[in-house]
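Structure first, commentary second.
Note that the chains take the letters A, B, C and D in the order they are written out, and that residue 1 is the start of every chain.
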Amino acid sequence: MIDQAQQFASDNYAGICPEAWNAMAEANSGSATAYGDDDWTQRASDAFRTLFGTECEVFFAFNGTAANSLALASLGQSYHSVICSSSAHVETDECGAPEFFSNGSKLLVAQTAGGKLTPEAVRGLATSRSDIHFPKPRVVTITQPTETGQVYSVAEVRALSATCRELGLRLHMDGARFAHACATLGCSPAEITWQAGVDVLCFGGTKNGMAVGEAVLFFEPTLAEDFDYRCKQAGQLASKMRFLSAPWVGLLESGAWLRNAEHGNDCAQRVAAAVAGLPGIELMFPVEANAVFLRAPEPVLEALRARGWRFYTFIGGGARFMFAWDADVARVDALARDVREAALAALVEA
Amino acid sequence: MIDQAQQFASDNYAGICPEAWNAMAEANSGSATAYGDDDWTQRASDAFRTLFGTECEVFFAFNGTAANSLALASLGQSYHSVICSSSAHVETDECGAPEFFSNGSKLLVAQTAGGKLTPEAVRGLATSRSDIHFPKPRVVTITQPTETGQVYSVAEVRALSATCRELGLRLHMDGARFAHACATLGCSPAEITWQAGVDVLCFGGTKNGMAVGEAVLFFEPTLAEDFDYRCKQAGQLASKMRFLSAPWVGLLESGAWLRNAEHGNDCAQRVAAAVAGLPGIELMFPVEANAVFLRAPEPVLEALRARGWRFYTFIGGGARFMFAWDADVARVDALARDVREAALAALVEA
Amino acid sequence: MIDQAQQFASDNYAGICPEAWNAMAEANSGSATAYGDDDWTQRASDAFRTLFGTECEVFFAFNGTAANSLALASLGQSYHSVICSSSAHVETDECGAPEFFSNGSKLLVAQTAGGKLTPEAVRGLATSRSDIHFPKPRVVTITQPTETGQVYSVAEVRALSATCRELGLRLHMDGARFAHACATLGCSPAEITWQAGVDVLCFGGTKNGMAVGEAVLFFEPTLAEDFDYRCKQAGQLASKMRFLSAPWVGLLESGAWLRNAEHGNDCAQRVAAAVAGLPGIELMFPVEANAVFLRAPEPVLEALRARGWRFYTFIGGGARFMFAWDADVARVDALARDVREAALAALVEA
Amino acid sequence: MIDQAQQFASDNYAGICPEAWNAMAEANSGSATAYGDDDWTQRASDAFRTLFGTECEVFFAFNGTAANSLALASLGQSYHSVICSSSAHVETDECGAPEFFSNGSKLLVAQTAGGKLTPEAVRGLATSRSDIHFPKPRVVTITQPTETGQVYSVAEVRALSATCRELGLRLHMDGARFAHACATLGCSPAEITWQAGVDVLCFGGTKNGMAVGEAVLFFEPTLAEDFDYRCKQAGQLASKMRFLSAPWVGLLESGAWLRNAEHGNDCAQRVAAAVAGLPGIELMFPVEANAVFLRAPEPVLEALRARGWRFYTFIGGGARFMFAWDADVARVDALARDVREAALAALVEA
């Protein structure tokens, strides 16, 4: 158990939310058919179809690394490439999983602001080479919201998908924190995904309040052909599937999926507002989801650490704070206060 | 939810046992560091080391397909082969996962009685080819107990490992129901694994009462080098790891891991004893774990189905009944009674 | 250099035939564009299209292992399976290459007579499992002629392809000695391939008189999509491609491809006729191509070895003789004489 | 056949040199054991050992893509990474082959001048991450000479290998034009490879005057364990191996390997000297091997094309000329003259 004060380092540090937990508890009575042929899995799949207002194909994987990698592998072959941002999680933090699952697909990386791809960046990478000595671009993946908390607008996704269609590329959305994007945009999940031209979405459950598990949604059913075999072969088919699907029932049917995300977003806004205009303190990225990236003088960061706060740090004096579904507002405010005090103290000393 | 009467089709149909559940509940308070750097994971790993009486390296994977495939892949290269029984789960029911994780290792299959490999079978396959046109044997995998419920004795495992050492092969144990083997043998986990020459064990949690999760134990630490990277790349690293490790704490520290297995084994023995000597009924395999395979005339199987019993069937009139940690003894006895009645009724009609 | 007497051990022991050599010599004047964008490659591709009377897509790979593995990989995904005979070269002598190139496709093996698959065998394997725990059958591969020299008739291939179509399977032909089958059947290459329902053919050049190289012919162009990328990524794109394609021009335009095969077949027939009816000598397989498999008492085989003959031996007293494009008829007759003498001598001694 | 004038676009456009051709012709008499168990292959391997003055392990692959990818794959696992220059051929022109052969190893790319890695660049990439979410660096690959014709000095390679040893990395040398580097340095092959700390060298034959084929040399024999199986499984074992090995005998025993390279280098120097100081013309890179990269105004490039010269062009007005073993000195001088004339003409018009 770590100190509560440390909990803003990652939204993976949070536990299971009550709605997910209660669904697991309810699922844990009696027997159920294995491998997804059970009522809970049916109900979870239906809940996704209802939420997205379309007959999508739904699969459940254990984690985001696998969900993204399986989805990307299904959209191309080993000699195809995947266009992504240089800060995309698939590029920076999945230990080569996309390359492993696809048996060698190369990631083509665009330098981007805040991790957001643009139609121009996609076009540039997709058209820079057309000889067989370089992997043929076939898929674009965007993270919504990005790893630094930027949210693509519906118009931006539409523009990207239009470019993809023109260039014969598929569009994949890594939605590890998809709910947070929906909360920010205030739009329906449908609007920002299939209605905007997204082919496949990985909807993150872990950061949304579950113990484990992500959902892969194919909006074009033909793309999902034999995807169940792919999951099985790759070690991503749960035998007691109900414990992977029931939490989704809890999250989706209760609306907790959105409330949890809104809470995280609100906490981030709270901190952002509190530190606005502080001397020497700067937001490294606009706060559009549940993350706050602060640039601050080293003495300020030192002072925060001294008060027990834990956070990821980056080159150049950056500090990342992530707010989970269970972030304690009093602690959030305490953090904001400590930033303010440390900033002012640093000013005096300087 | 399926009818309780159906629950003997598979031990994957059972839920989470109280000891595992309570540990998860306890783990679900407050925050914890992600990716296994938490107290629960440390405690679970230590519990394994205590149980096995050795400083083994412990990793947690989501399911048995992945655990086995990752372990096998770590013991060889793509151009090596894996010797297994023709009824081994890795050969028959993992959709090519061992081949996928290893990037192409071939399984060399021995026809065996009850799924048990012998030193002779291993030697035969390992020495039949020694040219570069055929994958070089490098690993032997045995399932303990086998898929049909046979248990390797300590002497048998020792004999196999001696042959492996002589031939330069590693020995892997697929212990999807490892606890059941320990319960049958009455030996310590150490005796039947590393003390008998096993290099790597996949210890099954799911069939032992957990929601999800298997443990991979390397008894020779050098074999575990960078295995954590392997797991991560293959999508088998849980971010909220505590929910994968805490149930192990619940199972291991309480002794439930063994009690659960003993209960399943006892139920199987109960049925085996009750049907012994029934006309037309035959045990297809000795009952040494939690499975009973009956050979019975089709009218008997029909009669059982008509009474609501569900079971896997096989060519030649076989029926498999599996008894989970939560098998209801009254229902078990009801099954035995129904088999008896159906057998006698069939006799009368014949 | 090995003794000429040894040359019947394998048709891989032969050199380059004059027609192939001369084309290489001619190609070796001046410069040519690399990677297949040259006149020789165009001309070789056109020669294949003319020979097969159809607009097939033609690719050149370095050897049969790669050609077959690339072709099979292009017809399925890693979680699909390939149905083949138990004596298929892809199963027995390619060191797991099909599994490697496909990233894990499983070979489903049928026990067959003389290596020939039947519609029944295909149907049996293709329909035995339909759950996601076992790789989904997607491709059937047949070797024409088989590894033991049996030739599929046009009717047999048609029957196989009809079954494939019914079951949603693709049909691949491993034609390492394809020319020999054409010589035996007396049919056009078209009749025994695309007109009979074959989707992809690997046409062997090495055993047909080349130094190195096989051709992969896709009769349905859509199946060939991006196959050039697949070849490149797998290390099968020759930079100085003309030296891989020019020999084909030499073989195909001159008719040597067929003459070479006819010569090998004739030699095999010559031996088969000479040993017919000899006491204790038995043909293990009907002689339909350029191989003769003799079953003979060990003393006979010993006597042959003592006279300097080299051949592959098999369990149960089998000896394989392969006759290449350059087999010396006098030596072939000498072999036949020695078999006869050894057989009679053994008879006397017995 | 392309116009001779075009031959400076690539050294892959050249044919087979007489020494290689004659060895092939000689090898093409009679039969020889297949798969490398022949005298020519033994002799070629020995010639490498003599040339390098050490008992290295020698393997023959069909092309550079495969040779490099197999070598890199043998030095790490899928979850390891390979450090290379951003202009390394393995990164830019092998269609993801290194990722394919290794089943997912990531290439970590350093921005470099002229494609040369430095100890600092290696250290930077090797130490930037040490968590399991990113592939663990295990191998460094350098191209000698680089893709733009820069040659690493012995001291530079030594400095790199020292850094590699310190950081637990293996050092691989892509020697597609290795002979050219030796010619430039005037050192022995041993000095610039194993004596300088290189673990594995891919020695290019194609650009050195062969039809097809590269050699892979392991200077530390334990690294070569089972590499023959790796080659076989990956479709890189030639059945008629003598035709891959004999040309090496021709090149190495005659000294043509070095003469061919010296000729290419000399032609490049000839052009470089001729264009030095021309107005508007600039050498993009120092000329240290057989390539000349010119930066020239577009009208100059246009004029050259109008006169029939063909060359690869690059962003910013670059033109690449490559001089093969058979470059015609008269044509080389003609090219130099035309560059001069075009440059002066452009000056007048401006």
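The working rule: a residue touches a chain if its C-beta (ideal position, glycine included) is under 8 Å from a C-beta of that chain, and two chains touch if they have at least 3 such contacts.
Please read all numbers here as calculations on a predicted model, not as lab measurements.
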Could you give the fewest steps needed to travel from subunit A to subunit D through chains in contact? 1
Give the label of the chain whose average Cα location is farthest from that of subunit C. A
Distance between the CA centroids of subunit A and subunit B (whole Å) is 35
Where subunit B and subunit D are represented by their mean Cα positions, the distance between them in whole Å: 51
If you average the Cα atoms of subunit B and of subunit C to get two centres, how far apart are those centres in Å? 42
Could you list which residues of subunit C touch at least two other chains? 35, 78-79, 94-97, 100-101, 103-104, 132-133, 135, 229, 232-233, 237
In their complex, what parts of subunit B are in touch with subunit C? 78-79, 81, 92-97, 99-106, 132-135
Subunit C to subunit D touching residues, read off their complex: 1-2, 4, 6-7, 10, 12-16, 21, 24, 27-35, 38-39, 61-66, 69-70, 94-97, 100-101, 103, 206, 211-212, 229, 232-240, 243-244, 324
Note: in the complex, subunit C contacts subunit A through residues 35, 77-80, 103-104, 132-133, 135-136, 226, 228-230, 232-233, 237
